[in-house]
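Just below is one structure, and these are the notes that go with it.
Every chain is named by a letter (A, B, C and D) in the order it is written, and numbering of its residues begins at 1.
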Amino acid sequence: MSKFSIRKSLFTWDKGVVLFLVISILIGSFGSQYFATASNLSFVIQSIAEIAIIATAMAFLIISGEIDLSVASMMALTSASIGYAFQAGVPFEASILIGLLVGLLAGIFNGVLVTVFGLPSLAVTIATLALYRGLCWVLLENKPVNQLPTDWVALGNENIPNTFLPWATIPLVLLAGVAWFVLHTTKLGRWVFVIGTNPVAAKFSGIPVNRVKLGLFAYSGLMSAVAGVIYTLRFASASPDGGAGYELSVIAAVLFGGVAIAGGVGTMWGVLAAVISLGVIRSALQLVGFSANALLVVSGGLLLISVILPRVTEFVRSQRSRASIQSNNKEKVNT
Amino acid sequence: MEPQKSVLEMLGAKKAFGGVQALNGATLQLFPGEIHALLGENGAGKSTLLKALAGVHKIDSGTITLNGKPFLQGSTRAAQQQGVAVIYQEPSLFPDLTLAENVYVGRQLKKGKLVDWKLMQREATKLFKELGVDLDVNRIARGLSIADQQIVEIIKALSINAQVIVMDEPTAALSSKEVNRLFSVARTLRDQDCAVVFVSHRLDEVFALCDKMTVMRDGATVGSDLISNVSESQIIKMMVGREVSELFPKMQPILGDVVLKVENLCAAGQFVDVNFEVRKGEIFGFAGLVGSGRSEVVRAIFGVDSYDSGSVSVDGMRLSKGKASKAMSAGLALVPEDRRLQGLLMPSSIATNTSITVLKKLVRALVIRKKGEQEVALKWAKILQLKYASLNDAVERLSGGNQQKIVLGKWLATDPKILIVDEPTRGIDVGTKSEVHRLLSQRAQEGLAIIMVSSELPEVLGMADRILVMREGRQVAILSREEATSEKVISLAAGAGIRA
Amino acid sequence: MNKKVVKRVSAVLFASALAFGLAGCAPAAEETPTAEGTTAAASLKIAIVPKAINIGYFTAWNEGAQKACAELNAICDYIGPNEITGAAQVEFINQVIQQQYDILVISAADQNAIVPSLQKARDAGIIIVTSDADVAAESKDSRVVSILPSEESRIGTAQVDWMAEAIDSTGSVAIISPANAANQTAWINAMGPYLTSQYPEMSWVGGSLEKAVFYANDPTESSEAFAAILAQYPDVAGIISPTTVGVLAAAVEKKAKRAAVKVTGLGLPSEMASYIEDGTIEKIGLWNPLDLGYVAVYAGVAALNGPFDGAVGSSFPAGDKTYTVVEGNIAYLGDPYTFTKENIAEFKVIY
Amino acid sequence: MNFFSRALRIRELPGLLGLFVIYVGTGLINPRFFSPSVLNDILYGVAIVAILAIAQTFVIVMRHIDLSVGSVIGFTSFLIGDLSSQGYSLGAVLAVAALVGAAVGALNGFLVAYLGLPSLVVTLATLYIVRGIFNQVGAGKTIVESMVPKELNWLGLNRLFGVPYLFIIAVVLMVVAGVIMHKSRAARDLYAIGSNPSAAELVGIPVKRRILLAFVATGAVSGLAGAVMLARFSSASTQSGLGLELLVVAACVVGGVSIAGGSGTVFGAVIGAILLQQILLSIGALGIPQFWQLAVNGALIIGAIGLDRYLSTRVKPSNIMGAES
């Protein structure tokens, strides 16, 4: 067999996203002197904390070949449960635990529908998106809960003393670190990649495919719940229509981070860089003077570029490698 | 018969895929009203020749003429329009469409500009009647047996009044009754002056059905003659090019005590009352036709599928149903039947593929040691003499033989007590085949119990110490090495009524 | 051949997507002149933040504000989200903080969710005036003063009076209102007791205020609510909708179904003109959103320059009128205008 | 087998059954539910989602999805009002609406067919982009009844023998689309592509052209549906059409159009739309507090997906174990 090593192409999309992060920071800091201030950076981190935490779980799910559209509704359900419990006299700390548990159970229910009953995850989570949002309205009807304990609300809005990092940075960094570690170094992470690449071969290699997927849906429920707690504290209230539309921003961020929708491909640093850079570019363009409408067009455009560019580079790379094979053949003929 | 004009002639066809010469001067002559067997070992170039006829790709040099005119190559649609139809071993129909629509898909019969459903149903029913097959043309294709799916493909060929119908190993997955029905359909096609090409390994079938035969080896045609002029061993010699016995180096087994015990294993619709034991160092053959339930049995033993009743125990310890991970830790390993779908992660590297089954051993403090992965991959690449550029190359770039070596390496790395291999040498070149056989015999000598499921009779007869024969989901006999002759195994496997 | 086509086309596509992305934003950049760099010595920087920038009602609200800014020689930027949620509006409150505006005039998209963010703006020294929609009463210290159309109860009772006129004080009444909206909830709570006490022959459908309220957040839901009311209470006499979206949808449904039920509520004259002119609706009312924007800007400037500090009892000038702050640090504009066949032509061109 | 018996195959039966059971059930509990005006409300309210569900069927049948329809219908309903108020004729504005929809469909189709990108991602991106452009173009403006073409207002308000014209338009589109999906070769190819994409290539179906065609058709119909939306609400603003896309997909799923592609008819999609709309009114009539409506919808969709899966697996197998047993 002719010996030619395929040069691992330099440009893979997740490196491109890290580059894009640097570019968006530059645009922000040079475009407007208000961008690179401590209070703005603190706001940007605060505003992406919830999406980043959910994105880590969504990355696992999409890499394993599944998807979860109900994350925003689970986040809202957690927030509504906290509000409902607290209003009913349960101490706030206990209400938070109840909220986290509700999120976890919602995630497990998704997992059971997909793995035990074998239903397609796209269709199931469209249904549970409506079901969980509906339960928020059942719990709170149209009476939002707003008198939350001030020390907790402070935690949701203030920075860690003499830094520009909001308190939400701690759970964000911890959970992102754990997700990064599990996905890229542990056996479970390798299993998720294998299941996404070829679920049949995974089963024949002794990997408990359904149990792993059930775990990922539960993890997605728990991360949505953690985001729900942060969301509730940040907005000092629990209302039935919280977090509407977050699921599409999470999926856009994960795909922009280089995770392939068909599964088997993706990196945690790509996803985190994507979430941060989308948050940074939004703030930068806003401060430079872009209207909310323009921001919508930009995020749609970026999402398109994130799928078109790798396809074009892969296309170019396959052209080049086909050319190199032909050249090899020619050599053989001449010698 | 006066010398008729040939309907299709392929002369001196050559075709190369990235340095591998798949066709190297293949010739084929087909006459109307004749069933022509195309024989050859796996890797002899048969499937490449079929693909050229089917229009999947063009040949690099050489000529193909149809009724004297040059055959338009390179498009499946053009091939069909010129009356050449290829029926693959695993036909792929449209599960959600009705049988009538499957027959006319892409070229529905029309009244004016609109599709005429009644006309299509009438025509399809007529074609089915002609072949003496009564299937409801309005049912959807999902759930059809392989045999019925083939019939629909044949009907499709008839509906474009194909002059040449090529069947690629059609009987591989059929029950004996279905094989008989297929043979009568083939004879009807022949009587309608079609040129039928029958690709198969099974010499008994070739002698029962075909009028002429062509043998291919290493991409070239080595001989073509009337069936009546040749004997089975002559054909084998042309196919293999050397004596059969060299192929299977059989060493004397050193049998230890029973390591695997299977008692009245049953799974509804798949197999019933399977009972056998396997000793340390023994090679236990599983013979029978494709579709007789052998793969289903070994998948149930390994735990990929569950079963209804019965038990599987390793060293006296009973395994829980449907838990492959438990079977692995008890010392079982399964090299699956379909290498590309079940055995390998095609886009992933050799290292990733090899280490997937032994990740537990490579983990220290929750982290997979990258160095450990490379070591495992390197060790087994050496033992199996794998031909590769770098351990990080994607497996899909390797040849069939090397891919099979990786699957073997992946499972031998788990240091199993019992290794099950399902069609271990299907679709790999002759050289690698004998390497695999030598490896398996060696491992057996070192005490490994092996269950070998194989549809190649010479391979099973050559390697196994004992052979269990299955027919249509039932275990019909366990033969010792001495009792097992090819005639006995075939008659047990194919049922009392030997195919006329 | 098609490989080359795809390669060339995708290169063109990629270039156009990039250009499209940038071009699509360029005009927007000029449209809202950012305040940096050009702050004239004296002029103030005021941010006008609606619940969402693409809604007709708030376009009129902004017009009023810009008129006041012109008179006060201040630079006013109209910025805000394109969806009505607290989370989206908070991003623009942050922009106000970062770009160090002097005054923030805001219509609260969510009475609770934006409170922490407003408090940060207040602590950064920005004068905050809520207008059209206020924060929750418990968080009233997060803004200096709130400019609201009229007394909540007055807005509620006025609509009951208009309905009484329409159905000459007899028959059952239902309400179509957005869920989880602070203003509407306050007005509806005022309507409840007023109707039963002032108009004995009138009643709430289903026998109670809770049963009488049908929730709808957009045109589609409002039309479905109208149908639901007729389905459950075929003999309903009147439907009140205290929101421009709801009353417009109700008018459309009444006309389409040729329903006998009378409809009234708070509606924009420009949107409701054709329904008043053709008699589908006799009377609707609304305050002038231009006034809300106009007065709010004056209140902000007054609070910035002092001595006005939004305390209860204090007052501030706006145009030719002065407004006094009542309990809750709120200044009311006065009773809502009412629009009938007679004056609709005049008002429909203003807002 | 004529058109209707083919359409009434097993896939659409559960939808019809559900429709009948809920309608009769609600009526028994609350007899006023049987009044003609309620039936009229169901038909009047369902027209828009039904037409979008018909358009969505073209792509779902091919195992794809089009999320951009929500932005497209909102944008075109606004454009029709805006342009006609500037004096353009009804014909011209409808052409523009169809063109805008077709253009978005062509972009979606090209990226999915010729660049092989996943349709979920592409149409999610175009959902954002079209909504962004729509907000920019329509900033602050509201279309009011006077700006709506008279013909559309007339259609929106009137009924033929008691049945709202808008519903009749939906039914006519269903029949036309149904005949095309059943009788035209290009449409039958869509089913083949959805059922077995690789085999469709082998059989010589021009898969790329068909995918582009389907997305353009979905876009054009969604664009034209803007006129129906404008006729229905006789007003439009930048909030029009928000969030419709998931409701439309749900209607298709409930109507037996399988997410896995290859099966399902426009007839089923319309039934799904009617079922979802009827649930809305039944909840009101049964006195279930409104806050339960969204939760009930979610539960209903789960039920429909489960039934859809159960139906597709319970197909008559021809026996595997030899022909005689």
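We take it that contacts are C-beta pairs under 8 Å (C-beta built on N, C-alpha and C of every residue); 3 or more make two chains touch, one makes a residue touch a chain.
What you see is a predicted model; the values in this text were computed from it and never measured.
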Taking each chain's C-alpha mean as its centre, the one farthest from chain C: B
Between A-D and B-D, the pair with more C-beta contacts: A-D
Chain B and chain D, separation of their C-alpha mean positions in angstrom: 45
Length of the line joining the C-alpha centres of chain A and chain D, rounded to whole Å: 30
Chain B and chain C: spacing of chain centres that average the CA atoms, whole Å: 72
Distance from chain D to chain C - Cα centre to Cα centre, in angstrom: 33
Chain B residues counted as touching two or more neighbouring chains: none
Where chain C touches two or more other chains, by residue: 6, 10, 13, 24, 28, 53-54, 82-83, 215
Set of chain D residues in contact with two or more other chains: 115, 131-133, 135-136, 139, 291
Pairwise touch network: line, ring, star, complete, or other: other
Pairs of chains in contact (touch as defined earlier), listed by label: A-B, A-C, A-D, B-D, C-D
Residues of chain A defined as touching chain B within the complex: 1-6, 8, 181, 185-187, 190, 193-194, 197-198, 200-201, 203-208, 264, 325, 328-329, 332
Residue ranges of chain C in contact with chain A within the complex: 3, 6-7, 10-11, 13-14, 17-18, 20-21, 24-25, 28-29, 31-34, 36, 53-54, 79-83, 85-88, 90-92, 94-95, 97-100, 110-116, 120, 124, 136, 138-139, 179-180, 185, 215
Residues of chain D touching chain B in the complex: 1, 6, 179, 182-185, 188-189, 191-192, 194-196, 198-200, 202-205, 258, 261-263, 312, 315-324
Contacting residues of chain B [partner chain A, same complex]: 16, 18-19, 304, 324-325, 327-328, 334, 336, 341-348, 352, 356-357, 359-360, 363, 366-368, 387, 389-390, 392-393, 399, 410
Interface residues, chain A side, partner chain D - complex: 113, 117-120, 122-124, 126-135, 137-138, 141-142, 248, 251-252, 255, 261-262, 291-301, 303-304, 307-308, 311-312
